[in-house]
Every structure is written in C-alpha cells, then in structure tokens.
Amino acid sequence: MRGKFLKVAVAATATAMLATACGGGGDDNESSGQTGGTLRVYASEPAFLTPSGGDDEPSLYVIRQLFRGLVKYNAESSAVEMDLAESVESEDQKLWTIKLKSGYTFDNGEAVNADAFIRSWNFAAYGPNAQNNGYFMKRIVGKDDVAPADPDGEGPQKAPEPATKELSGLKKVDDLTFTVELDAPFSGFPTTIGYPGFFPMAQACVDDIAKCNETPIGNGPYKIDGSWQHNVAINVVRSDTWKGEAGKPDRIEYRIFADVDAGYAAFQAGELDVMYTLPPARYKEAKATYGDRMYEQPGDSFTYVGMPIYNKAFEDKRIRQALSLSIDRQSIIDAVFDGRFTPATGYVAPTFEGAREGVCKYCAKDVEKAKQLLAEAGGWPAGEKLILWANAGAGHDQWLQAVGDQIKEALGIDYELKVNLQFAEYLETADQKKFTGGFRLGWGPDYPFMETYLYPLYGTGAGSNNSGYTNAEFDALMKEGDSADSIQAAIPSYQKAEDILGEDLPVIPMWWSKVAAVYGENVDQFVWNSVSDADYGATSLKQN
Amino acid sequence: MSDVVLETRDLVKHFPLTKGIVFKKQYGAVQAVDGVNLQLRRGETLGIVGESGCGKSTLARMLVGLETPTSGDLFVQGKNMSKVSAEERRRGRRNIQLVMQDPYTSLNPRMTVGDIIGEPFEVHPDVVPKSGRRGKVQELLELVGLNPEHINRYPHQFSGGQRQRIGIARALALNPEIILCDEPVSALDVSIQAQVINLLEKLQKELGLSYVFIAHDLSVVRHIADRVAVMYLGKIIEIGTEDDIYDKPTHPYTQALLSAVPVPDPKLRGLRDQIVLTGDVPSPANPPSGCRFRTRCWKAQDICAEQEPLLQIRDKSGHPSACHFAEVRDVVHAAE
Amino acid sequence: MGRYVIRRLLQFIPTVLGTMFLLHYMTALAIQFSGNPVRALFGDRTPPPALLQAITERLGYGDPCLDQRGNPCFGLFADRLQNIFFHFDFGINLRQREVTDLVADAIPFTLKLLVIAILFEAVVGIAAGVLAGLRGGSFADYLVKISTVFVISVPIFVLGVVVREFVGVKFGNVLRGQDWIPDVISSGMFSPVFKPDYPMASLIIPGMVLGATSLAVTARLTRTSIMENIRADYVRTARAKGLTNKRVIGVHTLRNSLIPVITFLGVDIGAAMAGAVVTETIFNVPGIGRLVTMSARTGESSVVVGVVTMLVLVVLVANLLVDLLYAVLDPRIRYE
Amino acid sequence: MSTDVNVKLEALAGVDPNALPLQVKDLHVEFRTRNGIAHAVNGVSFDLRAGETRAILGESGCGKSVTAQAIMGILDSPPGFITGGEILYRGVDLLKLPESERRKVRANRIAMIFQDALSALNPVFTVGFQLAELFRKHRGMSRKDAKVRAVELLDLVKIPAASQRVNDYPHQFSGGMRQRVMIAMALALDPEVLIADEPTTALDVTVQAQIMALLAELQRERNMGLVLITHDMGVVADVADRISVMYAGRVIEEAGVNDIYATPAHPYTKGLLESIPRLDLKGHELSAIKGLPPALTNIPPGCAFNPRCRYAQDVCRKDPAPPLYQVSPNRTAACHFWKEVKGDE
Amino acid sequence: MSDLTSAGTAVGGAPVGGDGPSTEATTGGEGRSASLWADARRQLLRDPIFVIAFIYVLVVGSMAAFPKLWTSQDPRSCNTDRSRISPSGEHPFGFDILGCDYYAHAIYGARPSMVIAVMATSGIVLFGGTLGLLAGYYGGWVDTIISRVMDIFFSLPFLLGAIVFLTVIKRQNIWTITGVLFLLAWPTIARIIRGSVISSKDLDYVQAAKAVGARNSRLMFRHILPNAIAPMLVYATIVLGSFVAAEATLTFLGVGLQPPAQSWGIMISTHQVYFLEDPWLLLFPCGLLVGTVLSFILMGDALRDALDPKFR
C-alpha cells in the first residue's frame, strides 16, 4: 500500500458465477475448478466492512465476498451483467427503474428487497452518518437535502442539520421494484451500481452499524466466521443462505499485513496461497521463481503528471507537449518499477471498452520534436527551474526524479523536486490550485465506463480537474455521450473528447498499472476479474 | 586594637529535618553546633578536638563562611560578620583561610599548581597586581618548601605531603591572619605528618599567624596547640590551656577520650588509667536532655538529666568545664 | 517507602499532563499547518464538502481553533483530558474505531514480544556480560565486546530484514522441507512473519531481533559492573570467608552487579516499546508499534496521541517500579 | 567449640599439630601493571605462636596489606602474583594446596578482619545472612540453626539487642558496631590465627579502645594467634608481643615490643618513633624523616631506605640490600649500621 | 585496603620527589607537565582501536565536508538506462536504480548524516549541558522545574517520540530531524551533567575555592564543569554514532529525509528491498554507516577508559 494511499476500485462480483445465476453449487461444472479447502490470501487492514463505509481496496476485497449487488461485471470483457437485479432500465437516462430477483436473503434471514437497497443508499448519503461511500450517491436527486453543505464553504465548521434523512430521488414501487432519479441524464448508470457502495444492507445492520462493521451481516456467497480480528485476520466461510452459485473454497482467510514486503516473505514461506500484489522491488525475482504461478494483466489505474494550466508558464500547449515528448516512459518503468507498468498513450485504460492506442501523439520520446516545439513556444524562461511536485513518503520521488533527469537531458531545463507535503496538505494544494509545476497524481476508475476517466478529471469545474483545464468542445462532447441511449452509443462521443485531450495535454499521461499476482502450488485455478481484481470466491484449490 | 582576632558568640547551626510530600514541615533539626563560644588570640593556636560527628567540621565551615550560622555571631577582628555589608564580609573572610583535610581531593586535578595557588588573586584582584602574581605564587611555593619551578605541574604529580603544602600555600595567598586547619595531617603517613606539622609551626613563627587547629588526633593537638577546646555533640564541654586539658582534665568525656589514646610506650602497658566508654554517641538530631554526655557517663546523677551544665570554672576544675561534677583526674600519665 | 511512592505518584501528574499537552499541541499544530487529515481519505477525488464536514465533525477535528495557526487549543485539550480521565475515552480513529479498542487489540502482541525480548536480553546479555567480566582481557571478553559493539551499530531495520529473509524464509524453507521437524518449529518459530496459528512461537525471532540491541547494552553493562564489583572489598571478604568461587561470584558479586543491569532492563521497557515500531512492521506483528506507525503515516492524531499517552503512562509506571525495585534490591537506598 | 577444632584438624592432610600456627618464609609478591612491575613484597618472613600478637608495622605502600592478602590467598590475581616463598600453617605450605583445600583453611583456621568494615561487608545482605553463611557453607547447618549461631556471635562481640540487629543491613550500623560484626564474622569458625588489617584506623579513639579491648579479650579466651597490621605506633605499643617493621616490601626490623621502642636498631624505626607527637610528653621537637618512601616500581638499589637515611654510607647504596643482622638472640635488623643506630641516643 | 590502592597509586603516580625544601623533584625522568587531558590524549594515541576509529571518522568527516576531494562525479547525473549496473573499476559502487553513480551518491550522502549527527549532538551538549549544570548546581525549585521538564521528554520513548514529532511536523529535512533528535535526547545529557555536578559540587576543592571567596560562575565553569564534562564527552561521542543510525532508521520508517536528498539512510532504505538481487546496493551504504557508528562507539569506549580515573 505504500505506493497508493487509497484505491477506490471498481465494484465487482465473481464472474465465474455468471453462468448459473440460480444454479446450486459448482459441482456440475468441472471446468471451473474444484470445490473445497481453505484459501489463505494476502490482505491489508480494511477500513470498513460495511458497503456504505468501505471504499478502499482491502475493504472491497472482503466486502465483495460477503455482499452482492444489483449487477456484476464480466471477468473478461468488463461488461455489465445482472446479478440480484432482474432489470435496470431507463427511457431518458435520468429516471431508472430497477426490478429485483426474488428469494434472496441476508445471513440473518431478512429479505433482500427494494427496501434493503433504498435503506442502504439513504444510510450512505445521510451526512451525519459520515459514510465514505456517500460520495457515490452524488448523482441522485435530493442528495443536498440529506447532506447540506457548509453555507460559507470555509473549512471544517459545523454543517447545518439536514432537512431530511431520505433521498427524494429514491422511490419504492413494490417489494421488488424501485426507481432512481438522477439529477442529469447518465447513460453509464448501470455500470456504476455494481460498486459495493450500492450493495444492500440489512435493517439490523443499519440499526447497529458499529456491530455490523465488526460482524457484517452479508447477503453474498460467504459469511464471516467469528468477527473481524483487527490487524490480524478476517476469516469467511461458505454461506448457506446464498442462492447463487457458491464460492469454490470452503473458507477464505484474509491474513492482514501492514507491509507488503512482510506479506511476500510469508508467501515465500508458504503461508499464503494468493498474493494479489507484489513488492515493487521483488517483481523480477518473483517472475523468475514463480513464473508459471504468476498472473499478469494490464490494469486500470492511471498515473499522470498534471500540468498547472492556471500557471502562465504552462499555458501554451506546446510547452506541455515538449515536456511530454522528452520522457522515455518505458525506461523509467524498467529502472524504477522493474517493468511493472504499461506506458500510457491515451487517457482511458486499455482494458476499457472504447479505449484506443496512441491517442496521445506526444507520449513517445522524441527529443528533436520536443526541442522544436519548445522553441516555437518561445523557450523555457532562462534560469527558472521546472518544479515537480509529489506527496511525501509514498515513493513517488524516485520516478519523478527520473522524469526530471530526462527533461533536463532533453531540453536542458533544470528541475527541482517538491516532495515534502503530506498527502492531506498535498491534496489541499491541488484543490486550491497552488501547484507551481508538474504534479504527480493518479486516478482509478469508479465504474467500467470510459466517462470515469474523462469528465471528473478534465470537465470544466469538475471535482478532480486539478489542472484547471477548460474546453467547451470537450464539455459538449461529454454531455452528448452522457445522454446517449446506451453504453455503446455513448462511446463515439467520448472518443472524440479523448482526442481533444490527446492534443491539448492537460496532463502528461505516464503509465497504466499492470497486475502482478502470485499464487501457491496448491491453487488449481486463479481467477482475476478485469474490473475488480482477484476473485477469491472463484479461485479453486487443488483437491486430492 | 584587641588581641582577639576571632570570636564566636553562641554560634548555632541546625540542619532542619523535614517531612511532608508537597508542603515541607520541619519536625526537628540536627543540632550540629549548638551554642559555641570561642576566642582566638593573635599568634595563638586553638585546638579543637572531638570525635566524628561532634560538630567540629560544621564549626570550621561556619568560621570560613561555607555555612551560614542558624544563629549567633561571628566576629572577625571585632567586626560582626553577620551585620556588615556583603563586600565587607568578603573582605573579612580573606583574613580566615582554610587548610583542608584530604590533600588528594582538595586540589582541582585539572588546574596547575600555579592556578590553584593563584586563584585567590583572581577572586580578589586587588591583592596582587596581575603582573606580580606569578612571582607571588612562586614565593609562596618556596615558603612552603616546594620547588618554585613546579608551578606548571598538576596536583597528581605530587605526593600527599607535597599536596598538603600546596593547600597551605593557597591558604597563605591572601596574607590572612587566621588559618583554619581542618584535620590537616590526618590523611598523611606518620613520617610525612611530622614534616607538615613542623612547617605549620615554622610559618606561625615567621608570619605571626593564628591557627584554629581541628583534629581528632589528640597527640597532634597537644603538640601544636596553646589552648584546647573539647567538643561533644555540638557543644564545647571543656576548654583550657594545653596543660589544663591534658594534665588536668576535669570533664569525664575529656578523661575518657584521653585515656583511650594509646601511648607509644610499651612500658606503660597496663599501668595507665583506662576508661572504656560503652555505647555509641547519641544522634545529634535527638540529643539527651541536660548534659549530653550523661548517657555514657559513669558519674551521671539525676541533676545531669535535668540541668544542662554550663561551661564555667568550678571549684575543683581551675578551667572552664561543662560538668556538674568536674574534677581533675590525670589519665595520660601512668599511675605510679 | 510508602511516602516515596506517593511522592513519585504526585510527580507523575505534571509529567503526564506535560507530555499529553506536548503531544496535543504538536497534533494541533499539524492540523493547523498541514491541513485536515480527513481530506486525505478521499485521495485523488475531491469529496463533496458536506461529506468532508460530516466526517471531520465526527472525528473531532471540527474545533475552530484548529484553523488558527499556532493556537494551542487549550479548550480542546481540556476536553481531551476530561474524556480521558472521566470517560476513559481516547477518541476514535479515521475509521471510527475507539482508540482504547485499538490498543486493547494490539497490546497483547506487544506485551508478548516485549516479554520475549526482555527475557532474551536479560538471560543472554547477563550471561555474556558475566562471562566477559569475569575473564577480563580473555578471548571471550573480546568476543563479547566486539560482537556487542557491532550489534549496536547495525541499524535494527537492516538486522530485521536480513533475519526475516535469511532465517525466516531461506532457512525456514529448508526446515519446512524436513518432515521430522515439528510444525511448531518449522512453520511456527521460523515463520518469517507473525502467524496467528502460532501466536507465541512465531514471536520468538522478532522478539530476539527486538532484544538484540538492548542485549548488547545489557552485556556491556553487566561486564563493566562485574569488573567493578569483582574488585570490591566485600567480594574479597567473601573469599576470605572460604566460600566457593561459585558462591563468591553467584551470590556476592552477581547480586550487587545486577542492580544497575536490572534498572537498565526496567528503563529499557520504554525503549523496547519504541523499538517495536520497527520490529513489528518488519515481522508484521499487529502490535502497538505497528499501530503507531500506521496511524502516524495517515495523520490520525487522535490515535497517535491516545496510544502514545498510554505508552507514556506505561513507561512512567515501569520507571516507578524500577525505582522501587532498586530500593528492594539495594537496602542502602532508603527513601524518605 | 573444641569439637569443631578437632573436626577441622582431621580434615587437612599433613597437619602437624605441634608446628607453629603460622609461618611466613621469604614471601615475594609482585604486581604486574601497565606501568611496570611493582615489587610489593620482597622476602617477608615471620612466624606466629599460638596466643601471640605479632604486629606488622609500616606506612602505606610498604606491602603489609599485600602480605596479609597473600596469607589469606585472596590477592587479586591478576595483577598480583606470589613469586616465591612459603606460607606454612602448622607445617603445611598453603601455597602448594589446591584451591579447594586452601579454601577450607580460610575462616576455619586463618581468618581476617579488614580496615573498612562498611565496604568489607556486602551492602545488600543482612549481617545475619553474612554471618550465617559461614555456618551453612562450612558446617552444613540449616538456615535456622545458622541464624541462632549468628545471634550468639553478635552477642559475643557485645552488640546490644543482637537478636533484632541480626536482620539489619551493614549501613544501619555505626562504624564501631560494624567492626564488631567483622570481628564476629572472623571468629565465627573459631580460627587459630586472626589477621587484623588496620582494624581501628577508620574509628574514633574511644571506639578504637573498645574494639582493641574486645579483640584482646577474645584472643585471650581462645589462645588465638593475632597478626595485627597497622601504622599506629600507639596501638602497637599497647597490644603487640613482637613487631615486624616493614619498609618498601621488606621487614627491616624484627623484635619484641619493648626492645623496639626502647632501642630501635634500624634508622627507619628510629625515625618513626621520633616523628610521632606524644600525648604524654609535651612539646618536644618532632624530627621528621626527610623525603618520601620509594615507588614500588622503582626501589632504589641497596637499602631501600638509603635516600632518606642519615646514617647512609656508600655500602647502603649498593646491592645487595642489607641482610637481617642478628642484633640479639630474639632480634634482627636490616641495617649495616645497626650498632650505631642502637647506640645512638 | 589502603595498602593495595596506595600501592597502585604509587605505581601509577609519577612523582618521586623530595618533600623537603631542599630536595629536588624528579618525576620519573619526565620533566614535562601533564594535565589529565594530556594524559588521556597520550593514552588514547597509544590505543590502536581508538586510532583506527578516529581515522575512520576523519575520513567520513572529510567526505561530508569536502565531497569533491573524494569524487569528481556528479551524483545528480543520472540515467535510467544505467539502472543498477554492478560495480566496476570506473564506478566502484556501481549505479543505483535511477542510474546515478552510487559511489558519488555515497560520498555526498555522508554530509546530511554527519551534519544531523553533529548539529544535534552539539545542541544537546550545549542546551542539555547548561540545564543540567543549572539544575545540579542550584538545586531547589530550579532543579524541580528542569527535572520535571526532563521527565516529560524522557517519558517519550526515543523512536516513538521521533515518529510522532516528525509525522506531525510534516516537514522532513535536515533541520527538523536535527530538531527532533535534539528535543528527545537533551534530557539524557542534562541528567548526566546534573548527576556529575551534584556529585562534584561538594568536592573538597570546590569548597576550597568557595572558601577563598569564588563566585558561583567561577565555581561552575572553572571547577565543577571541567570535572563533570568527562562523562558527557563520552556520552556525546557515542550519541554521535547513534544519531547517524537514527537518521537511517527514521528514513526507513518513512519519517526521515526524503529523496532527492542524499543520505545513507535514504540509500539503505531505498535499496534494502533489492538486497537479495543486488546486495551491493545495501552493503555499501550499510558498511559505511556501520563503520561510522562503530567508530564513534569505540572512540567513546576508549575515551571513557582514558578519562575514568578508575582505569588509570
């Protein structure tokens, strides 16, 4: 977890269970692996084990086995498939009607019905509950009433008491039907609701959220064994109340590590069956040792060097292009990360539907062209140093230093690193647009839909638009995509919008993550979901 | 100008004993020195004897200003030291200098002999001008019988006797009239002890010094002192000329003390009048009522517990003695 | 003795309050100067202000004085004290768990680790020190001297990582390949990281790493202490009493020599707790040290202050116990 | 107690009950230090009869304490080494005994009292423990019995309220009482020889008198041989039967107590006597011995005293050192000019 | 045991001189005067361990002060193409992961480590020494206040305190690390000085100076301090070493210096993960660090032996 403070990963459920949604157990399906055994997996300490609270990677790994939501994603294609929902439909992409399958219950016997979802979403959105996933309810009508903002907007002060506890955009139609009204059309809505923040919660859970956090009341294929042993382990066992396809192992043990190196040592000593990540420096060694038991796949988390367009020196796009052209991404990846990343040539993860190679024409090293562009733009102010920002203590300084070295070599611009801000302060600097040079930041998708990489980062006034980039044409294309009839229909508009970014370079794309997981000799079949990472429920162990 | 150079009147030093955790309450005091009257005349040597814990060291520390008396007055050349300005007190103190007991610890090991002996000049810069100091130090070294060329040596390069000479030279630096010798020879070997005693006597003759000579070794005190005061538990119990005290002791404690001193003459073995005291000295925090010696005294009567005997001349004594039953008894010379 | 305990307990109050205020002020300054730690929770995406506010409020970072740079926030401190002393409430972390729960979860592991470390350093350190001290100048002495200095100078995290990789992984894997070795050894004791299945065995090696530095200090201290005491008069007396060498060393020398060593071990509890920060991270022990490290990294001031306050209390109590132990071991120390 | 003695005598092989309790013959001890070899003892000889008091007189650094430690076998080694000579206990050479046998001699047959009782007693054990230890380890008594004997011993040395004080720690006693405890400890196993190393130097005169009286009484009762090591001429005159005067590691004069004081035959002895002030004689001139004793690493050739000696001639400044001349049947002196010294009044 | 100890004194002490006015002193053939310090210096220079340690520290010190003496390479000239190339004749330490010359990095890395250690140590010596002197000399309420403040900093275990302070300060540079080390370590020095001042303020020679009429300042600085300073000096030497190690440990814990600063701590903590593949990346900086710490500790030990009268 050193490199990444938080990862808000995409919601996911086990792909292997798609085929037989109503079938019982996996014994009729030879090819999908053997059932039984205890799977011991690497984990970090989760933040929360409730759908409304858990938004970090370690939490999601556990929540996905304990809970299930309306939709799930295909392991290979990332396509949305119905899980607990019968259908998710809308005429205008604004008012969505959701029908549920019947017969599902929580571990405590409560039914998983329309109330369970409305209850969960309301609970998350209600300000005083301070649930991290309240963030994801932001498109639903009425969210300002349940979580009103500080009127003066100045720093942390007492927020006004919310007028109501319920989102006005959520309406129950019948036991298994409810409607969701968004404040603007959004064709990608069905892709978002597979995220655990949209999973249902039992009444008993909402009544005593603290207890539920320790001993979650789930509705998924696994249920907790005992309760959460903080910083030590979380054990889950197969749940009898789950009606869907059962998980492969009888039991999953999440061993919690504070340090990925320690976890790798444990894996080497045979104490873990699956490790979904590797210490960066051990990648080569692991590949040599566990070559046939290493799983690699392109990932979806994006690292970039933001450009403060609000700063005069970076206003001219030719400057940004020149900087980008001086960087040899692959060389840095090889040196610092042992080749664990994929150089970025676009703004949308290569695994996403609609993603294309080479959208960015300035993302391959070309010193001549860089020099030329810089000259055309009037050159870099003499004596000024290029400042490169990163947050402290997260190991970003090394590659940023390499970036600086390469720019210095290519363009003769000396650089200076500013890496002493802790993350909170760094983010506040970003929010207040006070960077004086390139700044490293990252982005992970909220849902498997192109839009997640585009609007939040580059839309005019969007929450995470830290560059201060604004382009009317881009905004219009985004709107066009949002109100398209279907997910597929939206893609061409988004692609056009991405092309604009490829020319303007509001941020310099660096690379995409690459998944590298290792598993033990006793693992029969290791399953990785392209959206939501390792799927432990679908991973099977060799049975003798 | 009076002949008396140093005088104490009812000098008292009590060290408070406190209890209490936050707020300290005094519940008693160690009566280290309890009403001492002494006079030292010009050119004379006053010996003070007593056993450990009798208060003689505390008395010495008060005389040279290292302790402030709890009550009582100290006169140096007629000036009451507790009533004069701080500056005058400092000036007055110059007239009393100290020679300490242990020559191994009383010299700063990190200073040269020259620095040690010259330190008084730096503290009192008006005594000798800066340029003359080195010469003066060398003079002093010569005076106490050391080689003046050794001015740059360090104390550990000298033997015990030589170090004591350095201590004496330091005490002489400010041309004092009074030297207070606190057990100056007790840490030295016999053969060296005689050298130092001879030196002290020589200096007294040459410089006209007055000595207060504190010691537990009664033989040494007899040798050097003109008058002798005997202390017991913070009080002087007998005072007189050397002959008075040694040949005609009247206080039982003095008698016991003298009789306990072995005489280096085997012929006198078994012939001397020996008094062996029993028990230990009582605690000065809680001294016996009346006469402080009564608990160990073979002559004690009821009156001794009720009434404190004053230090005065009595019928059979001939010199001041603080015993109701003071009576001469020669314990030093063998009974014939 | 009882009075001494009370006085020490009273001295606790300013120390504890002072330490707590120090920590409180540091964290207040941190928020004032470096921003709201809640913001970091959301990472790259900017949270809706309402949500940010709600969470901030919930975690007690909403006090307006936290906006004023340099304000010591006495009000907040008073609230904090009140919560701690009247409700035993040390606040909650960013994940809304009670700090007391966090500590309650973590402390058993740290305690076990500490016990192993202290036992290890006491037994091995004292044995090595005695061996070296008794044979000053021998080969064993030089071996102990050099190896201890070497251990002290290797940073503990290098030592820890090397031990984990070579002993836990490499050597452990060899052991795990042998069927005849019981599991508790091969996959318990030689596990590279803490293992819930073998909660005691898998802490042995981390405990030894934790104790290593102090072990070296203990050995050096014991050595010096033995060397000093072996020349003491009372050891000579013991030999003159015709006691066996074993008894002279084992009873008369060791008892005295170990007083400073035991004092050091007691004081070392605090240092070992701090050392656990490194060891627990490397060996993945879910103890206090790891808790503090993780909380410090995420800027959870309430946790850091809470945990460190509790640790300081533990250290202070340990120091008090050491002082009392000292009084028990060394009857010369009479408090009052 | 007499049974104890018999038990002990049987335990040591080769003991001749008729031989002297202690004989020291030509003892040599040196200290090997960083700054060279210090010849602390260079051929000391003396013997001790039962019931006799032998004083070893000398100034600090003359080797008298080292001699005592060598006899007890408690020299710190290194740096101290016995390089020659014999120490005979009733005819048995202690230096040739194995350590386990040698140990049985200590406290049982030869015991020792040290100068500074405060540092010589272990501060962390009660005096009762330290006394009882002797009975437990040497006599195999139970803790309880040993404790009873400890109280008896404290009574013997006249410590008031012995049964309570037995549980006190050394620092709770006054100086005189501590020295009594030391004596009790030395006498516990009823030794035949007691070595007292400056037993009263740290004490006040009145206490010194008490202690010396006690020692004398106990010595008489038990017919014990006493080696009294001291620099105090007064104490020696009071209690000693025979005296060995030491200078720079050698015995330079050996005689009965009266002879020494009346007619010293060595200039050093003579100088010592002349340099002490006397209580009973008023104001005689003290004649000091000039100079200092030599460093033991650098003893002058010939007679060690020659640089300070007013009788010294060329012969004194050359090796060998003067032998012990027989002055009279019971008397020796290591001076070439003993006749002159003795006759010179 | 007067006899034995004085035998020792007679052996150790040089003087055999006359005690009378007439006698000429001859100090064992050596005419030169020698203070305790001079004695100590002579003894130290005879001690091979001290000499070797001292030379090592000098070498490291010169790296810190004049890195250009040791290397002409620019440690900031890096190229990721040369990442982690093994040592060769031209580049004795090879290249680090960013392709910078590792030898130059190591030379330039000496400075922060040494500067932090030296500054923090001087700080605690000056500040802690002063407070300790005041507390010990004046006693009473001065002592009470200083002692309580000392207790407060004492009760924070060193590493834990450093982590807390550095994480909340959030500025991790040479100054803040020095400050934190100083803040947490001064009470130890103060306590040492206080103890030795208390034990030396009643020494005879201090009393003697007082009897002559010397004032407080003179007593403190001329008599008490010089004699109380030896244990502090020994401790300070050892503390120099432990500060060098502390910098590395804090860096490992993520609260120490941050790249692109160069220090041994950064070198070790960045490259420790590679130690199975390219062990030299860990071994070189670690060797330098351990050597430095070792040297300081050994120097401290030798110094103690030389200054402690017990060992004379």
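By letter and in written order, the chains are A, B, C, D and E; residue numbering begins at 1 in each of them.
Criterion: a residue touches a chain if its C-beta (ideal position, glycine included) is under 8 Å from a C-beta of that chain, and two chains touch if they have at least 3 such contacts.
Remember, predicted model here, so these are calculated numbers, not experimental data.
Number of steps on the shortest path from chain A to chain D, with steps defined by chain touch: 2.
Under the touch definition stated at the top, chain B and chain C share these contacting partners: D, E.
Among the remaining chains, those touching chain D and also chain E are B, C. Centroid distances built from C-alpha atoms place A farthest away from chain D.
Chain B and chain E have centres, each the mean of its CA atoms, that are 47 Å apart. For this pair, chain A with chain C, the centres built from the Cα atoms lie 38 Å apart. Separating the CA-averaged centres of chain C and chain E is a span of 24 Å. Separating the CA-averaged centres of chain B and chain D is a span of 33 Å. In chain D, the residues that reach two or more other chains under the touch definition are 60, 69, 76, 114, 116, 290, 292-293.
The multi-chain contact residues of chain A, meaning those touching 2 or more other chains, are 261, 393, 421-422, 425. Each of the following residues of chain E touches two or more other chains: 1, 13, 17, 19-20, 167, 170, 254-255, 276.
Across the complex, chain C meets chain A through its residues 34-58, 61-62, 64, 66-67, 94-97, 101-102, 105-106, 161, 164-165, 168-169, 172-173, 176, 187, 191-193, 195-196, 280-284, 286, 290-291, 293-294, 297, 299.
On chain B, the positions that touch chain E within their shared complex are 61, 64-66, 90, 93-94, 97-98, 100-102, 105-112, 119-120, 122-124, 142, 145-147, 150, 152-154, 156-159, 161-162, 167, 170, 173-174, 192, 195. By the touch criterion given at the top, residues 78-81, 83-84, 97-99, 167, 170-173, 254-255, 258-260, 270, 273-274, 276-277 of chain E touch chain A in their complex. Residue ranges on chain A touching chain E, taken from their complex, read 261, 279-282, 284-285, 328, 331-332, 334-336, 392-393, 397-398, 401-402, 405-406, 409, 417, 419-422, 425. Listing the residues of chain D that touch chain B in their complex gives 59-60, 160, 174-177, 204-210, 212-213, 231-238, 240, 257-258, 261-262, 271-273, 275-280, 282-283, 286-290, 292-293.
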